[in-house]
């Protein structure tokens, strides 16, 4: 047990963070170089103002047309994304680990809140899964990759939730939690989760094209 | 009606017509056109009594017509327009219509000296060219993009050699377009032909052609280059060597090719409007070293100055001077000469004019609705309502300024050195 | 449900597909991918989360509520998705469906952009599919005919050089009965407004030119229309995927202005 | 002086034992009052059992001295509550109370390859 735990929280954690950070940076640089080479016309129209305008407008729930026409999805996806990022970042136990390892301390959220947020993430994942099964137009476009992405995200929250409540076998669960979390980090640059890295740019381009070329909104 | 050497080059100002106002018997008059020597100003006029005519220096033509359009002075100073009578069209030169009439006439063209006047004609649904009243013997299913040799002895036209049934993709892609010279089409036909261009002697014609939907090349007298390209632009003959130079797109970038051989490596996002000096040694073109950044390249070397758009490239006869215009979205016009930007930003500028010896450059510019000239970068001290392009005297020492100001048409000859 | 279940007969598509082989399709797909498809296509194809929100933005999807294969994401999956997954090695029959979908079931309106949180441009992806179709010679008959017209006359309706000017003068004449002294000024240098139309106006709806002239006349503005080809501001070559001709048309139009 | 030594030792022992009797013998968990309201269940820790199992006889291994964030294992501090030196909100380079416990326990467990490492292994519900 100790050896396993030490391995997943030691070398494996370094590897996961390394893959996530370096992988994302490499993907961004590679994509930028590709864009320089072949999407010069798109780069020429990129504008800070229109990019930010579009991003901000899409970050407001029910502001964009797409949000308004898909209300349930809007609630689910906003709750999901906020909790997905905030819970692990501000979780007391995680901050403790930063503190122990690097002496880094910052604000935390109460465990009860984190517990609720985790349940929200799990619930949102179930909602997404339900859509993929129940809605014909979503089912038609769902691929194994999408289930894979969903599973990768669900796993650390589910195991984290079980570990926190020390249900089932704690020792196994905590190792599983660490491993699944690391899988998620490492998967970000190379799976559907790469939208975390690229979405800001695809949105920014669309904002720039609609703002600068069509003189229209894109939300 | 005389060559520029015989024009009045005495320094000073002359009022050609004191008032370009509408005379009483005219319902309205259109925009004035000024002759190349500046001695005559013409307007098309709608007569109160019905019909149209032209007023040249205020004097109406003897004839009036049902319709008159496309007013143009020939280089030798004759005033031409396309006229309609009884539903038939022809060209009137100084008020005298050609004897031949056509179902339609357009695109008046002149020889360099102005002794030949030609135009596109359509007769019974067939197309061709008519020069000095003599129509081509062979007409075609369609014709466009006419060009005339410098001496006016030959005309070329992109023609359709067979009619097409509606939406017949196979027939179109088999190629039904060609170039006809004096009514004789090339033997070869192509999917498309564009921008036919004569050489200096008027003996050869080069045109862009598309041999399939995807392969672009140049055909000279109907024979295509051995190389084809992803895309290309208008060919120009080198006046000294007779070789054909055209911008080509290869490997996703633009360069220049000559007789099928690359002479400027394709490194530009765009390359077009190439001009060649008379000695054939200097070639300049408008190029974009990067997307959306234009400049001029001389012998493949781009200038360092960049603008969102560059237009109106000209080269001096000897190739010693290269001038163009830069602008930003059709505003903030600047004059670019030999890689440098002249001081001043203008609402609009027109194609630069380089003197015959290459020593001087004059450019018509506009700011706040008033037009003036820049001569070698210096503003001419007077503004006008409207100007025509400036003309240098054959020795390059004088400048002819043709202007309309305060309702009068004036002709000014200035010393270039003092302008 | 999918494109293969609703193929229609089109002379142009059938003719194009009859000359294809899987090898030829693969070669062209690979060359377009190598030379033209860039970061945008890559980012779009990778980051689409298949959330299906775009379905509500597409009039094709809305008018086929029972057929999920019409949603933008589904249309991408059936066209570019197939080409990317197979590396372009698809049989000609499949390609018929890809072309039909790209040309007739997405009209590149980009409305779905307003529904996609990530900003995926389905219209752009479909233009890339059309680009490949053009390169393979698989385009619907009538749109290809307009592209041919553009390449010849620089307008989409085979309006010949003289027919254009004649039409303007005819409308000017007609309008003068109602508005004496009305003009449609041709090639007036320095005019403030350059008025351009699309070819169906002179071809079928000449009164639109009459009406525009009447408005300009009443407003007293300084306007002009070109007598030379280049007056048509439409560009069906952009829609067929013939980007070389597209560039030629754009240049002609701007230089005419 | 020689006679007084045993007495002094006895007094010290009594004092120490009396304190130990107050704390050590009853210790089943680590939940110093200084933390106030606890976020997690207190870490279960039976002092004597732990030491027996771990073969710990030297108190200073855990009850160390030191200052400025540096541990001094020559000065034993048994009997002094951890919270006395390790403040909940540490000043300067000294170690905070929570890190003191975490690092002390986990560090040793890691080094010996025995004993709990993960949160829930000590903070049992």
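First chain written, first letter: the chains are A, B, C and D, and each begins at residue 1.
Everything that follows uses one rule, which is that a residue touches a chain if its C-beta (ideal position, glycine included) is under 8 Å from a C-beta of that chain, and two chains touch if they have at least 3 such contacts.
Bear in mind the structure is a predicted one, so any value in this text is a computation, not a measurement.
Peer 1: Looking at A-B and B-C, which one has the bigger number of contacting C-beta pairs?
Peer 2: By number of C-beta pairs in contact, B-C is the larger.
Peer 1: Measuring from CA centroids, which chain ends up nearest the centre of the complete protein set?
Peer 2: So the chain nearest the centre of the shown protein is C.
Peer 1: Cα centroid separation between chain C and chain D, in whole Å?
Peer 2: So the centroids are 78 Å from each other.
Peer 1: Would you kindly tell me how far, in whole Å, the mean C-alpha position of chain B lies from that of chain A?
Peer 2: Here chain A and chain B have centroids separated by 60 Å.
Peer 1: Where the CA atoms of chain B average out and where those of chain D average out, how many Å apart are those spots?
Peer 2: Inter-chain centre distance comes to 97 Å.
Peer 1: Using mean CA coordinates as chain centres, what's the chain B-chain C distance in Å?
Peer 2: 31
Peer 1: Let me know each pair of chains that touch one another.
Peer 2: A-B, A-C, A-D, B-C
Peer 1: Over in the complex, which chain A residues touch chain C? Could you list them?
Peer 2: The touching residues are 31-32, 34-35, 37-39, 42, 54, 58, 64-67, 69-70, 73, 77, 131-132, 135-143, 146, 149, 192, 194-195, 198-199, 201-207, 209-210, 217-219.
Peer 1: Give the list of chain A residues in touch with chain D in this complex.
Peer 2: 2-3, 5-6, 9, 92-93, 96, 99-100, 110-111, 163-166, 170-171, 174-175
Peer 1: Quick check: in the complex, which residue numbers of chain B touch chain A?
Peer 2: Those in contact with chain A are residues 269, 290-292.
Peer 1: Provide the residue numbers of chain C that touch chain B in the complex, in ascending order.
Peer 2: Within the complex, chain C contacts chain B at residues 11-12, 15, 35, 134-135, 137, 141-142, 144-145, 148, 151-153, 160-162, 165-166, 169, 173, 180-181, 183, 185-190, 227-229, 242, 244, 247-248, 251.
Peer 1: Could you pull out which chain A residues touch chain B in their complex?
Peer 2: 40-41, 43-44
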